[in-house]
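Both complexes below contain subunit A, partnered by subunit B and then by subunit C.
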Partner chain A sequence: MPDALPPDRSKTPRQRWMAVLARADADAVQARLGDVPRYTVLRGPEPGLVMVRGRTGGGGAPFNLGEMTATRCTVRTDTGLVGHAYVAGRNERLAELAALADALLQDPVQQPALLRQVIEPLAELQEARRAEIAAKAAATRVQFFAMRNMRA
Partner chain B sequence: MAYVAVKGGEQAIDHAHAWLAEERRGDTAIPELSLAQIDGQLGRSVDRAMGEGSLYDRELAALAVKQAQGDLIEAAFLLRAYRTTLPRFAHSSPVDTSDMRIRRRISAVFKDLPGGQVLGPTYDYTHRLLDLELAHDSGGATPKCHDPMTAMPRVPDILRREGLMEPDGDGATEPGDLTRQPLAFPASRDVRLQALARGDEGFLLALGYSTQRGYGGTHPFAGEIRMGEVAVEIEPPELGFAIDIGDILVTECQMVNQFKGSKTVPPQFTRGYGLVFGFSERKAMAMALVDRAMRAEELGEEVTAPAQTVEFVLYHADNIEATGFVEHLKLPHYVDFQSELENVRRMRREHETSPPPAGGGLGEGAVRTLVNR
Partner chain C sequence: MSASIDLPGFADPVTEAQATFRAVLDAMARPGTIHRAGQHLAAPAPLDGATAAVLLTLVDHETPLWLDAEAAPARDWLAFHCGAVLVPEPDTACFAVALSLPDLARFSAGSHEAPEVSATVVLQVPALASGTRYRLSGPGLREPEELSVTGLPPWFITQWQQNRTLFPRGLDVILCAGTMLAALPRSVSIEEG
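== the complex of A and B ==
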């Protein structure tokens, strides 16, 4: 369904995989990554805050709505690839795995396999969850048939 | 106002906290609540703690609710305290509520609005009868509909096509931030919205209600209420491009109000805006009512009512500040009170020797005491 498409319509491939990893389950990322090469953690994983902004009236000047927790991590593989992650919440393991996956995905040789084995299945899971919620919402959409029948 | 440190209560305090911990746990023969249970089954409590704690983290909010024994103002206080321990990485791009993954979306002004009315998991139309079966296990499958949802334009945008709705305004300014700069007046609308978003639901509900009852009436209509997930996007400097970090659940309310127009502005609809963390519809509606009421001066309306008085609203909306000042009265004021006691005794003596003139209210001494405080 159109509304349930992943929010990636205008994203670069890297923005898309980072968005998928940020919403993933740490166990699932680890299981799908399998054996990973040696890497060094350059920063974090560390928890912090992101100030979430809204817009006045929905489309006007920005205002600060409130903060949310987020965790960030940066890693470098022994082959020299640097990966970053910022993920909502305080899951440090997810942040580290997401940063590692981001590093590995930047290797053009590994990328197609990683997209196939890691990113696409995770994206499908996230899509299924969105579709399930959207289907429940759609079932509560009001149909004004009764009103029409009464007037007929 | 003064209070002095009093030593000697350490052991009593330790014992009190030990009893509190035992009370919090309750009967150990009954299983302990998990955070997932609180988030899953007391989600509206979690939403409120996040909103007023001004920190979106469902698990932490569930912990706060548990630690506070369900006292939601205390839970919000715990979240506010926790956030001070963390560095801020970034601010997000403004969330795009028109791109919300809708769980609920209703309008009280257009029946057949594009995209339709989606009720979502609402208490509306329930009979508010206690469900005795819920005392035991509950559950069941939710019906699903796989017909595609169609686009759901925001109701103000529909009215704007006819030119009947005020525009959203300029989107370029850097907003003020109450977590970094204390409240100052005049407070711009961005600061007011931040204060309202983290304000006490009960206070805002009462103020919103007061506008409906005539104290600064604005003839509101619930133009649109929508609830669902929005993506949060930040642009870390080390990357140089925007990335999604996840989704948050928010409730938005567009309250539509009539506006007679002015010398420069034709008659049109104006709006109050509400946006809050979680599924918090009552809070979003109250916020929108109070936001609109506080725009009275901007729109050339007479400021007569509490809800229109920006300083009054913003100085009293924060329940963490309010609880701090009210509850500080519990702290020792022994010396302070001692001087009051001396004063009243002296006034008594004066009263007995020379009674005040007939019809007099407070004696001169009492007035002086009040002034001196």
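== the complex of A and C ==
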């Protein structure tokens, strides 16, 4: 299920497309990828647990928040491109599709078309959903004017 | 930037790792007996099926791994599938992979307080069950057992005798060839014959 995680803070183009794929819906990725070349699965898709770490206030000492389920997969296309994917939850099909998309996106010839057909529409969808949830949440926001005045 | 990982690991990780673990366990319990491992595994060059299967089963991110120069082409595959930490010096390794007999004195033999932290050497040889005959005796063997190995140098016996004097410290060796494996635990005595 597509979710609404914090805004895109990715650095490289590859980090960006991996982040978009990890939050996408498996059916949507498959529909947009269309016909795919032959590939071998090198590892997985296998679900497991990863430790989520946090920092108090974003800058304190790191602590272990808890474990979450994640599924990882690595594929190799017959042309020799290796793609990886880690997705939250147990969606093995999405992990495999995302790994395949990651492999194909590393081919400089295919990359522009794939970015246009797969990544950009998915990113827009995720952004729209995030904005919708943010708007709903903003409507219920309470401003504690009284408290702010007292402190000032 | 991708490392050269061309081959998958175990097709069925749970079952195959368990079967390989059992083979290593039996081989250690009865030194000199030959067991099978890695029959269904496409091992990366220059490793054989049994060698690769043993490493997939035993090595992970908590066991530093040392490779000799001949085994180095399989580095990326091992790092990816085992999550192994590769160490440049043999004395810090928990596991070592060698295609020709290394100097056993270079590996950690453990301490008297913790003899179990010694290294295990996975030695890939050209063939098992043919070649030079060795007579093994010691714990796990009611009668002396014979094991034939191709490719061990003559100074192996001397090295092994030195390893034996360290007991309870000392190295354990797993010999692999093709899809066969045999183990030489530190407790076993070896004579040529």
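In this section, the second predicted complex is superposed on the first by the 128 of 152 C-alpha atoms of A that agree within 3 Å, B and C clash if a C-alpha of one lies under 4 Å from a C-alpha of the other, contacts with A are read in each partner's own complex, and residues count from 1 in each chain.
Following the convention adopted for this analysis, a contact is a pair of C-beta atoms (placed from the backbone, for glycine too) under 8 Å apart; a residue touches a chain by one contact, two chains touch by 3 or more.
This one's a predicted model, so the numbers in the text were calculated from it and none came from an experiment.
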So, after the overlay on subunit A, do subunit B and subunit C clash or fit? They fit
Touching A:64, do we find subunit B (first), subunit C (second), both, or neither?
first
Thinking of the overlay built on chain A, is A:47 touched by subunit B (first), by subunit C (second), by both, or by neither? first
Larger residue footprint on subunit A, choosing between subunit B and subunit C, goes to B
* Which partner does A:76 contact after superposing on A: first (subunit B), second (subunit C), both, neither? -> second
For subunit B relative to subunit C post-fit, closest CA-CA distance rounded to the angstrom comes to 6
Subunit A residues contacting subunit B in one complex and subunit C in the other 46, 74
Touching subunit B in the complex, subunit A uses residues 1-4, 7, 12, 15, 18-19, 22-23, 46-70, 72, 74, 84, 86-90, 130, 132-142, 144
In their shared complex, subunit A is touched by residues of subunit B numbered 50-51, 54-57, 59-60, 83, 86-95, 97-99, 101-104, 111-112, 116-122, 142-152, 154, 156-157, 167-179, 189-191, 193-194, 197-198, 228, 231-232, 234, 236, 238-239, 241-248, 250, 252, 254, 271, 273, 275-277
Given the complex, residues on subunit A that touch subunit C span 40-43, 46, 74, 76, 80-82, 106
Per the touch rule, the subunit C residues reaching subunit A in their complex are 2-3, 5-9, 13, 80-81
